[in-house]
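A, B, C and D are the chain letters, set down in written order, and residue numbers restart from 1 in every chain.
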Amino acid sequence: MTRTGPWWTAAIVAAALVLSGLLIAVTGGSPAAALRALVQGSVGDATAISQTLLYAAPLLLVAVGACCSARSGAFNIGQEGQVLVGALAGAAAGLRLAVPGPALLLVVLLAGALAAGAWAWLSALMNRLRGVDIAVSTLLMTFLAQQAVAFAVTTPWLLQESRWGAGAALPQSNKLPSGALLGSAGDHPGLQLNLGLVVALVVALLVAVALARTRWGFRLTMAGLNPVAARHAGISVAAVGGSALAVSGALAGLAGAMLLASPLSTNRLQPDISINIGWDGLLIALIARNQPLLTIPVAGLFAVLRAGGGFLAATGVPPYLVDVVKALLTLAFVAPAVIRRRPVIA
Amino acid sequence: MAPEPALRLRGITKRYGTVVACDDVDLTVARGEIHGLLGENGAGKSTLMRILLGLETRDSGTVERDGRAVTVTGPRQAAALGISMVHQHLSLVDPLTVWENVVLGLSGPVRRAAARAEVGAVAERYGLVIDPDARVGTLSAGERQRVELLKCLRRDPAVLIMDEPTSVLTRAESAELFTVLRRIVAAEHRAVVLISHKLTEITMATDRVTVMRAGRVVLRRATAATTEAELAREMVGREVTPGAAVGVLPHAITRAAPAAPARALRLAGLTVRPGLDDLSLTVHSGEVVGLYGAEGNGQKTLGDVLSGLAIPDAGTVEVAGAPVDLRRPGALPAAGLGIVPEDRHHAGVVLDLSVAENLVMTRLGDVSGRVFIDRRRLRRRARALADEYGITAASLDAPLRSLSGGNQQRVVLARELSGRPRVLIAAQPSRGLDVGAVEDLYARLRGCAGDGIAVLVISTELEEILALATRMAVIFRGRIVDELPTAGADAERLGLLIGGAA
Amino acid sequence: MSDVAVDLATVLSSGIRLAAPLAFAACGEYVAERAGTLNVSVEAMMLGAAFGSIAVADLTGSATVGLLAGVSLGALVGSVHGALSHRWHVDTFVVGLVLNALVLGLTSYLVTVGDLGRHQVAQVSVPVLRDLPVLGAPLFVERWPVYLLLALVPLTWWLVERSRWGLELRAAGENPEAADMNGIRVNLRRRQALLWCGCLAGLGGAYLAVGEVGSFNQNMTAGRGYLVIAAVIFGGWRLGRTLAGCALFGLADALRLALPALGYTVNSQLLVSAPYLLALLAMLLFSTRRRRPGALAQPFRRLS
Amino acid sequence: ACVSNDETATPAPSAAPGGSTGTLLPGEPDVNGDGKVIIGVLSPGDINDNGYYESFVVKAEAFAQAQGWTVIKRGSVPVSEALTAARALCRQSADMVAIGASELKDAIPASEEAVCAKTAWYVPSSANVAQTPRIMLSSDDPQQSMLVAGYAAGLLMRARNTTKAGFVTGPEADFTKIASTAFLAGIRELVPGATLVTTYTGDFDDSGKAREATQAQLSQGVGAIYPYLGGATDVATALANSAGAITLTPGTDRCASTSPVFDVSVLFDPGDYFAAALELYAAGKLEMGVTKTWQLGVDPYPTVKLCKGTPEQNAQLAAFIAGIGNGTIDPAAEVRKLGS
C-alpha cells in the first residue's frame, strides 16, 4: 500500500505537535500558549513576518545551492562551513576595504560568495586530483572553517575587535560600517521587506531556470545521473561537478555574508554567526528533493519555525525545548514524503 | 511410473501495472535435461526466474519441486529447496574474495578454511580453475562467470538456472561452460534451465526448449524436433533472416567498394597500461571492419579510449586525417566519431532522463543557443529521430528506463548516427538483443557503410563479425595480431589467433 | 622516576582517557560505515548515552547500571536512525542531523529539570603492573570500562571480518543490489549495524560521563561524534587504523592540554582542527579512499 | 538577602559620562504599564552551569518571585543572535531586559528601537560597553577581583609552601588572559617566585577536557588550581580536591559546598549586582543612562573570602582588600609589575 496525500502529512505533523505539546505540558508549560507564541512570533504581526522573512533569505540561498551540488552528483554537506567562510571573507572585506557606502555592501556579499565558492571548490579539486569523496571532504572542511573563524576573531592582527579602554576584547570582529549593512526596501509600519529575500528569491528562480533550461543545467543533471555516460557525451564531469560545488559554496557564502550584513546578526563576525543556517539549508534542499522551486516553501517553513521558535523561547519556554520541537517537526515533514515512495514489495 | 519433474510451474502470472510480464506460464523441467528458455527481450524470462527464486511475488500460479507444491520467499529458501540461479546481471560483490562470494547467501558460521577447500574441490570437479582468495573485482568476465557458477554448484542444486550466461563469454568459454552443464545433467542428474537469445546455443546445448513471447509460452518442444528457423519465427512471431542473427550467411552483404578508400579512422600505437599495447588499426570510409578477440584482450579499453573515458599513455587517434586531442572532453564526437558503447546502461544512456533528452545529449549544440536549450527544437529533433529509427516509446518525455533493451539500443544508434559521423564504433552491438532487433541493427550498420561511414565492429562473436565485416583484425593482449579479409577466414586459424597461439 | 617519564605518563594516561570514548564509538561507526551508512548521528548516540547514564545512575545509585542505560540509549538512537533511513528511506544525512539536534535539545533541556549528581564507576588498579615505569599508570590504573575495549575491538573485528553477519554486512555496504540477489536483507543488516553502532557509541558516551568525568553537563560530547567520523575516514575504513586514528586524536588533545603545564604553548585552533586536517591529508596522500565501502551513504531499494 | 540596603541605597551614578545624570523611567517597575512586571534575562552561557551564568539568573529570580514578578530567562543565546533575542523579549512586553554578560552587548541597539521603547535595560559590563541614555550599566574591574583572588591563593600557598599554581579556563580570549595575568600578580604579592600554568581547554563546559587539563597540571606538581570555568568547574575542582590542591570559585560563594570543596570564594557574582539593581528598580529608583561601578573594598561585592582561613590570614586578606578600596594599592600597576 502506498500512503500518500496531505492527510498523512497532516497526521504526522499533528503527531509531532502533540508530542511537543506533551513535552511542554509535562514540564509545566501551556502547550496552547506555546503554539500561540509559535504562530504569533512567526506570522502574527508585521514585525513577526519581517523576522520570518529575514531568516528565509539565507536559508533559501543555502538550500538552492545545495540543490545544484546534489543534482550534479557532487554531494556537498559542508554548507555550514561555507556559510562561515562567506561571513569571514565578508567581514574581512567590509572591515578592511575602503569602499564607500552601498558599494561596500556589494563588495561584502561578493567577497563572501567568492571565498566560499573557492572553499567548496577545493573539495572538487581534491576529488579530481586524489579521488577524495566530496561528501566526506566537505563535512571535514566544515570543522576547519569553524577553527579558521575562531582564529580570525581571536587574533588581533586579523579580525579581532579593537580594544577600547581597559576592557577585554571579545572573540569577535568590529561592527561592519553602516554602508555595508543590508537595509530594508521601505519600512512599512513594522513590516520590513528586506533586500536579502529579494536577492534570494531571484537567485532561486535563476537557478531553477538554469537547471531546467540551460546547457549547463542539462550537463549538470546528466553528470549527476550517469557520470560515465556524461563523459562519453563529451562532458567534463569533474568540471561540471566543480562548477556545481562552487555555485553551491558561493550561495552558502552569500548567505553567510548576508547574515553578517543583516539585522538578524550583530553585524560582526562571531564564531557562531552561522547559527546552523548551513545545516538547515541542507535539510531544506533534501526535503525539497533538490527542486529549487520547492525549496521556497520549505525554506519558508523553516524560517517560520526559527522566528516562531525564537519568540517561543522569549516566552520562557526553554530554548532547548524549542530546538526539540523544531527537530520533531522537521522529522514530521520529511517522513510522509518518503513513505509515499515506499515500494510495493519490501 | 515416470518420476515427478524436478520443477513444475503452473499458471504463473505477473503484472507490472499494465505490462503482463508473465501470462499464465507453464514450465516443466525434468532431471537430467538442459531445458532451453528462449524469448525476445522483454518476453518475461527473467521475471519468471525471479519469481521462481522468490525475488518477485507472483500474482497467481503454483510452483512444484519434485511434485510437492512449495512457496518460495527468497533466494535463501530457494537454495534450500535445491533451486539456484546464475543471474543475468551478476550478483557478485567486487571487493570480496572468491570464497567469500561463494559462501554469501548461505547460512551458518563462516568457516574460512573449509569454504576455501570446498571451493577448490568444486572447482576441481568441474574444471573451473580459480584462486579462492582472489578479489572478484580483479577477475575477467569469464572468471567471474565461473565464480557465479561455482557459487551455484556449491549449493548442490537440483535445479540450476542460467540466465544468459554466455552473453559475455567467448566461444571457447561458452563451449567449456556447456561441457560443464552437460556433465551436471548427465553425471549428476540435475536439471538445468538455460536462458539465451542465441539460437545456435539453444539447438546445440539443450534437450528441450520452451519459447516465450510477450509473457506467454508459444512453443514447447524437444530440441531435436525443431530447427533454428522455427525457433526464431516463434520467438519474434514472424519470419526472420536467420543469417542476420547468427551469421549463417556471412557473405550475403552487397557492398560497393569505395573508389578511392579514404582513411577515416587511424589508430596509431595506442598504448594504455594495462589494456592496450601499441595498437594500430585503420578503417576506411564505407568499410566495415571487425575487431575480433576473446573477452578481456583490450577491447573494453579501446572502447573507453574511443568514448573519451580513458586517455592513452601513448599513441594517437586520427579521424579523417586529423589527430584528435583526447584530453579535451567531447573532442571525439566533435571530430565525427560516433560510438555505440559495449555497456549501454553504464555508458550509453542516462536512464532517468527522457527519451528525447537521451536522443540529443551528445549534440546539445544543435538544439540550444549559447546558454539556453530550445525545448521546441529538442522535441522536434527527437521526434524526427524516433520516427526515422522506429523507436517505440509511450512518450518521448518518458524516462528512458521505461524502454525495452532493443529500443534503448536504437536510441543510442539513432543519436550516434544523427551527428552524421565519419566513423561509427559499435562495441558488442547485438549483446542482449533479440533476433528481430539484431536483424534491424545489422541492416542499419550495413546501411551506414553504404553511406560512406567507416564502421568498426568490436565483437567477441565470430558470427557477428562474419555477418558484418569485410575485413577483420584479431586482437590479443592489447595488440592486433593479424588482419585478414573475412571472406577467406579459416576458423581453425582464427581459433589459434585469438588464443595467442599463432 | 625522571621528569620526562612523569610527563610521558601524564600525557599517555590522559590520551588514553580522551581516546577511549572515541575508540568505543569508532568501533560502532566503523561497523555502520562498512554496512553502507555514513552515520552522522553518532554524536547524538554519544550525547544521549552520556545523559542517560548519569540520569539512571542518579535514579538507581549505581554507575554500572547507568553505563548499561547509556548503551541502551545509544541503541535507541541507532534503531530510530535505522528505522527512519533504512526502513522508510529518509535521507540518512537528514536523519542524522535532525537526531543530533533533537538529542542535544532534549538533553540540554532535561539537565535543567533536575540536578544530577556525580557518579563514577570504580577504578581498577592492577597490582605490580601499575608500578611499571611510564606505561604502568596509564595502562593499568583506569576506570574499568576502558578494559572492555580489549574485548570489544577484537569482537568488532571478528564480527565484521569473520562472521557471516559481517560478511553479509560488508556485502550490503559494497554492493547492495548483488547482496539482495543473494537473499541478504540489505536494509535489515544496515539497521542491525546501526544498532551495534548505537550500542558502542552509547558505551563511548556513557564511559565519558560515568567513567571519566563523573557527571553530565550540557553538550558534554562537544563534537566528539564528528571526530569519530573523521577517525574512520582517517583509518581508511580499516579497524586497526581507525583505532590508531582515535589514539592519535586522543593523544594530540592530551598533548594540547598538557603542554602548557609542561611549559609550552601551541595554537589551539590548529590543534583543534588537527584531526580533521589529518583525516583530509590521509585521504589526499594515501589511497585509503579505495577502501571506501562501494555503497557508502547510498540508500538501497529494489529497483522497480 | 545578601545586599544590605545602606550600601546600595546610594546608587552613586559614579561614572555617568559627561556629567549627565540618569533618567528615571516613568512607572517603574511596570515601565510599559500593562499591569504586570516582566523581567527578561538573556545569558550567553548555560544558565545551569552551577556558576557564573547560573548565579546571574538565580538571584534575580528569587528577588523577582518575592515581588510577584515574572522572570523570563533564556540561556545559551548565540552571541550573534543577541539582537534578535532582545527584540523578542521586548515583544513579550518585558519591562526590563537584563543582559547576563557583556558578550551580549550587541543586544543594546535594540533599546533604541521602537519595539523596546518602554523597557528598562540592565547591562553588566567590564568597561567595554558604551554608555547610552537608555541603559543602566553595572560594571566592575575584573583585574581587582582576580588580583585579590591571587593574593588569597598566595596566602594559602605560602602556608603550604608551594610555588606552583594552575589556571584552567575555556577559550583563549582577552578576558581569560587578563584574568590569568592578574591572578598570577596576586600570588606573587606573597610568593615572589611563584609560577602559574594557564591551560585553555577551548570550552568552559567541556568537562572531559577540563579534567585532563587539571590532571596534567596536578601531575606537574601544581599546588593551587583555579578552575575559571563554566559547566566544567565541578569536575575540575573535584579532581583538584582529590590531589589536595587549593581551589577557588569562579565568581560565586561556594564555601558551603562539600562536594567539591573550595578553599577560596572569589565573589564577582553578577547576580549580586543585578539583585541590587532590581531592588532599586522595585523602589522605582533605577535610573537609565548611568553606570554603577562596583568597587572592591568599597562595595560589598566584588570580594574574596577564605573559606577556612586562619584569623591571621583573614586579617591579611582584609587589609589587602581595604588597601585597594582606599586607593593605596593600584591593581593595574600591581598587575603590570608582577603579572608577566
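We take it that contacts are C-beta pairs under 8 Å (C-beta built on N, C-alpha and C of every residue); 3 or more make two chains touch, one makes a residue touch a chain.
As the structure is a prediction and not an experimental result, all values here were calculated from the model.
Trainee: So which chains are sitting against chain A and chain C at once?
Mentor: Chains that touch both chain A and chain C, as defined above, are B, D.
Trainee: Where the contacts of chain B and chain D overlap, which chains show up?
Mentor: For chain B paired with chain D, the chains in contact with each are A, C, in label order.
Trainee: Taking contacts as defined above, which has more of them, C-D or B-C?
Mentor: If we tally the contacting C-beta pairs, C-D comes out ahead.
Trainee: Which chain's C-alpha centroid is most distant from that of chain C?
Mentor: B
Trainee: Determine the centre-to-centre distance between chain A and chain D, using the mean Cα coordinates as centres, and give it in whole Å.
Mentor: Once rounded, the distance between the two centres reads 36 Å.
Trainee: So, what's the distance in Å between the C-alpha centres of chain B and chain A?
Mentor: Spacing between the chain centres: roughly 47 Å.
Trainee: Note the residues in chain A that touch 2 or more other chains, in rising order.
Mentor: Those would be 154, 318, 320, 345.
Trainee: Quick check: what residues of chain C touch more than one other chain, meaning two or more?
Mentor: 108, 112, 272, 304
Trainee: Touching two or more other chains, which residues of chain D qualify?
Mentor: Within chain D, the residues that touch at least two other chains are 76, 172.
Trainee: Each pair of chains that touch: what are they?
Mentor: A-B, A-C, A-D, B-C, C-D
Trainee: Give every residue of chain C touching chain A within the complex, in rising order.
Mentor: 38, 40, 84, 88-91, 93-95, 97-99, 101-102, 104-106, 108-109, 112-113, 223, 226, 229-230, 233, 267, 269-270, 272-273, 276-277, 279-280, 283-285, 289-290, 292, 296-297, 301-302, 304
Trainee: Given the complex with chain A, which residues does chain B contribute to the contact?
Mentor: Listed in rising order, the residues of chain B that touch chain A are 56-57, 307-309, 329-334, 339, 341, 346-353, 357, 361-362, 364, 368, 371-373, 375.
Trainee: Provide the residue numbers of chain B that touch chain C in the complex, in ascending order.
Mentor: Its residues touching chain C are 16, 54-55, 74-79, 87, 89-96, 100, 103-110, 112.
Trainee: Can you list the residues on chain A that touch chain C in the complex?
Mentor: Listed in rising order, the residues are 27, 75, 77, 126, 129-133, 135-137, 139-141, 143-144, 147-148, 150-151, 154, 276, 279, 282-283, 286-287, 318, 320-324, 326-328, 330-331, 334-335, 338-339, 341-343, 345.
Trainee: Okay, in this complex, where on chain D does chain C touch?
Mentor: 46-49, 76, 166, 172, 197-203, 205-209, 211-213, 215-217, 219-220, 222, 231-232, 234-235, 238, 259
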